[in-house]
């Protein structure tokens, strides 16, 4: 099987599933028109966590249901459940279950604002009386101009903002060459031991993953994560750059990316990798309800015995 | 502008200003602007010496021209122009030391200021370069406590270092506790699998995000 | 600006920002539209500079400006324009007396109001000539029309304008 690697991988910070109608007619409309918006521009995405900032500036195009991103000459295209990179790798999903937006969220009323000197509509999503997400949609194109996500303490955790926006997506139409002919497909599986729910995030789908792994896709209708369970010991060189963080006294290795957080740990002899856009307080609650890292292993004890 | 062509004649009919009686007409404006061609100057000057109506019109044209030329040159609103640049704040932005309001303000500024955008990218590249310098601290996977942020060292190199430190006993323990070797996983592929699944969420729209560190 | 040197877009912003803004404001009477136009022009300049070959820079710039303006007009289908006082946006000479400032503001308001009543085609040429300061030939290149047309439009624009100005000069 061809190894898939997208130089410019895509993700999504704004994940909005079917919204409870009573709450959010207007929100639903804004989201729908955003999903159909035609625009091109540049966007900054930044995550602020524990005194660190991870950011990236990318070119973005959106037309119909297709989206293209590019940075430093690498381009990726996503749409209709298919993701393909300029270098030929391609992956697709053909089967999935839908998610409902959790009732812990409350959609506030909208207000007219100006961003990028454009008429726009701002709308907030609250959780427990605190603002969790603030979105600004462009009046003309419908594009999401700004998305702000806040942590449990009301601090800005993630910010994505268009820096420039144009009406016409140009490259997308001339980039059919980027679309691959063959896709590696996510295959659903029922043979897994993943929990059905974690801290308000429901397991929507499980797929067989690469390297003898299982991928569980969890969503609360606003944020989402995939939990990869790899049998035995597994590691990625990427994590050599990771922070070690403690949650409830247990240690995890964490990488903060502009749009997502990656976390890995070992539990019950297996390796877990979590990839998602959920805010840090949610992440802690989720980790608390997933299989936990064992107590410090022999090597760790030996290490601290030797070096303090 | 689109409607100008079809309305031009209407506007002429509705026009209430002075009417030209002589055919030198538009030459007078060109005269005022020093835009006459060869031979036209003589024509205009000769005509103006004996046509009182054209002299009156000439003065009125001159007044209109002066009125527009006297209009003050306007100052562009600050928010439109490339503003004063942020220097130290950009580093603070990268270090997460700004308040939420300040962070938003910086991003708003980046929307109009290419200088600061480029500087931010330079600063970030410099930070990354510094972090990539080889360090001497113990390998992360073996470090039980402290986050090691400034290290970017390959597992292979770390394994050699660890072997040097700990010796055969530690290796034996390692084998006993976690098997002979960790399976390498491709985080990019994991992330891609997550992304493609996210893309089909019901009623979903996505703000696309370039994933940091997804380049090889 | 030296003809053989490609300026940066910040150069353009500094040198021409006020002219572009004034051009747009005099044509539309709307400060928001004028601001939008300056941003749009600077954006197009920034994108276009990569492919710009040294030549008549001003001609190139004003073609971009005019095209951006036309696009904006088409997009907004020209909502009714309103005239706001120039007040603090006006740049008046060194230390004028309050009376002078007031008189200047009033006068320019009248002229602005009159300008907006002149058909756009004429108004555009008058503004390019008397606000921006382009020659007929430069205007001809900018609006892609013969010099004779430019000459005629400027003349007719001024005549109409004078008829609309009620005060004695």
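For reference, chains read A, B and C in written order, and residue numbers begin at 1 within each chain.
In this text, a residue touches a chain if its C-beta (ideal position, glycine included) is under 8 Å from a C-beta of that chain, and two chains touch if they have at least 3 such contacts.
Just so you know, these numbers come straight off a predicted model, no measurement behind them.
Taking the mean of each chain's C-alpha atoms as its centre, the chain lying closest to the overall protein C-alpha centroid is B. Seen from the Cα centre of chain C, the chain whose own Cα centre is farthest off is A. We define each chain's centre as the mean of its Cα atoms; on that basis chain A and chain B are separated by 25 Å. Centre-to-centre spacing of chain A and chain C amounts to 46 Å, using the average Cα coordinate of each chain.
Among the residues of chain A, those touching two or more other chains are numbered 117, 164.
Touching two or more other chains at once are residues 35, 39 of chain C. The set of chain B residues touching two or more other chains comprises 79-80. The part of chain A that touches chain C in the complex is made up of residues 117, 140, 164. Of all the residues in chain B, the ones that touch chain C in their complex are 1-2, 4-5, 7-8, 11, 15-18, 20, 25-26, 28-30, 33, 35, 57, 60-61, 63-77, 79-82, 112, 114-115. Residue ranges of chain C in contact with chain A, taken from their complex: 32, 35-36, 39, 43, 75.
Per the touch definition, chain C reaches chain B in the complex via residues 9-10, 13-14, 17-22, 25-26, 31, 34-35, 38-39, 46, 70, 73-74, 78, 86, 89-92, 104, 107-108, 111-112, 114-115, 119-121, 124, 126-127, 129-131, 135-136, 151-152, 154-156, 158-165, 169.
The residues of chain B lying in touch with chain A in their complex are 79-80, 93-97, 100, 103-104, 107-108, 110-111, 117, 120-121, 124, 138-149, 151-155, 158, 165-166, 169-170, 173-174, 176-179, 181-216.
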